[in-house]
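We call the chains A, B, C, D, E and F, going by the order they appear; numbering starts again at 1 in every chain.
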């Protein structure tokens, strides 16, 4: 199922082809996954989305690549995005996540979800010491 | 605001005192934050919740402590838990997260949220290669 | 904070007064909580919302009143609605929910949230036996 | 998959038939989509749900029909309702939404999701000028 | 689709077999649903998850079994967990939930979701009387 | 409350000053709201976020400015972002949204939330005619 038509030959559009080529070159694989094929219905949206993903996820930054994928998985699970859970779990595995790390990641996500719901159910007031926005924020916590 | 009464002297209850003492000993601080004070209205719920948090977050496991906090923050933001975002951002800072790492964490969470919504809006079909549940799963991706 | 102006004397509007009067009569109290005062900026929205709430929550139906409030709390927590968690927890207490029931309610909600995130993270395929939509649904499970 | 049995001939029930007939007459089509077929397991729930949808979505109101569908899509994506995203995207296209508008709609939804997560992650305090609930609200902003 | 490999003979692992045996004994059925088969990729995660579910859902507690399933369904719907909605609706039916109760459950969940969104849209301030966290909480509401 | 320190004079940083100046020039007001002041802890995150918002929300595009704000509000409510609901409701009012339009917007959002939860609770199968991803998509619906 899909809400946009998937073109048979999306790369007939040169802007689409340029993005697909960059995906293949950046990831060193011929495979272009369905996310990009779906986005190809609008070259502008495809270009800006890929630019964002490339800048943060396919470029060397402060956080290591596997940590970034695990954070991405955490958000995707909490937001209930089935596609994203599949694609980023595959990416994390490709970057070295083994079954034990996967299990621990899921355990932490499950625990966070549980305490999120408990804290919201209890309406726990934020401890003043956690506030960094005031004029006299603590140097340390 | 809160949905449960917060006792003035919760540690008069020995089960509550035992948990609070363990929190203080485990974290090496006298500070017991409001989450535990709110949970103290029911010693059983307090005990099981702390046992879960201690086992995963205050014990040495596969993932390093700061990575675990960042994953916790990611879930808490996506679930919209204000208290949890405050408390776990404070915890991550205490474990060494600087402003640049915090900014990158937020950028990745924001990007994930954006592509989560795009993938859900497009209803992108999952690529067969992402499925690990079948009888002939790929060795690598 | 609020996104609509709260009138000083909302009951000067006869349609608002009629709803407020019905709330007071139905609930047998003079207290009209802020939800209805906020909705009073638009009498039509106030009327239809109260009609829905009255029909399901303030009328005798199949499920008992406390069970209905607990279900309402569960949804409100998962949707992160701070106001609703406060107002329906107060309503549940007024209908007899004690601290032990409250703790068990929160424990179940927390567990459900945890397994929701695990099942989404694992992308567990639905067991065919759980499908009631087919032509030959099982009589029992 | 489905959690309620779908009757082979739901319109044998006169209350179901009356709603289905009204759907067909209102929408000027013979097609009754699965949402209504699933709801038909309980004629009361079917009637009240259709009455709500008809009053707001199939009646001339202040907002134009396409804008209403786009708002509906936005909520459905954020709530992760796959069925609703499909059905309301189809409805929006039937009401004239072209690919460029669809792409812009998705881009705005993606941006909103991103800044929603950033604002929650930063726990940005609400600017007092945004509060309309006080006694001296600003005439303009 | 799935993000973890499902073993053909998971019970070759004695820890997995012990959990599966306990599920069968506790539920008095030979059927072990996919949730547990997916979790079997990590025996530790399987053990702790089943222990939690067994303690709250398969043990006699304050709330009756059907009420607990309905609360579970409410959370699962709000969190958008397709698998959980299926499995817990089946469990609720097995525990006696008829079509009329199911329809009323869904109606309450739908109403809660609607007023959750209204209250969040209006940013309704919490009535002081709903706060139980202060030093002089009301005996009743 | 806030999770990042808010500088007293953020514009001492020339990159922050450049963004704030552009916000003031683009919006034709001296007012810079707290979102940007909070983001100023990291000039890079501030720059990319403002660039995105400016390009879509403060530039003439296909959708009219008020429609875009209403879509933004819809997503922000569904995602439970209190700050965003406040700021974009204020923006919508500044762009001409009156109380009647506001009420209708909220009514549609509330209805969508209700039917989202119903469809998820029923696990309604997507009608094949809603699928645009196949090789022979319908010209119309």
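FYI, a residue touches a chain if its C-beta (ideal position, glycine included) is under 8 Å from a C-beta of that chain, and two chains touch if they have at least 3 such contacts.
Just so it is clear, the structure is predicted and the values come from calculations on it, not from any experiment.
Listed options A-F, B-D or C-D contain a single repeat of the E-F interface, assigned here to B-D, on the basis that more than half of the contact pairs agree by residue number. Of all chains, the one whose CA centroid is most distant from that of chain D is B.
The pair with more inter-chain C-beta contacts, choosing from A-B and A-E, is A-B.
Distance from chain F peaks, on a Cα-centroid basis, for E.
A straight line joining the Cα centres of chain A and chain C is 32 Å long. With centres taken as mean Cα positions, chain F sits 27 Å from chain B.
The residues of chain F that reach two or more other chains are 1-4, 38, 45, 49, 75, 77-82, 85-86, 89-90, 100, 105-107, 109-118, 120-123, 125-126, 130-133, listed in rising order. Within the complex, the chain C residues that touch chain F are 1, 3-4, 41-42, 44-45, 48-49, 75, 79-81, 133. Interface residues of chain E facing chain D in the complex, by the touch rule stated above, are 80, 82, 85-86, 89-90, 99-100, 102-103, 106-107, 110, 117, 123, 125. Interface residues of chain C, counted against chain E in their complex, comprise 1-4, 31, 33-35, 38-39, 45, 49, 52-53, 56-57, 61-63, 67-68, 70-72, 74-84, 86-87, 89-91, 93-94, 100-101, 104-105, 107-109, 111-127, 129-132, 140-141.
On the side of chain F, the complex with chain A involves touching residues 1-6, 8, 38, 126, 130-133, 135, 137.
Across the complex, chain D is touched by residues 73, 77-78, 80, 82, 85-86, 89, 105-106, 109-118, 120-123 of chain B.
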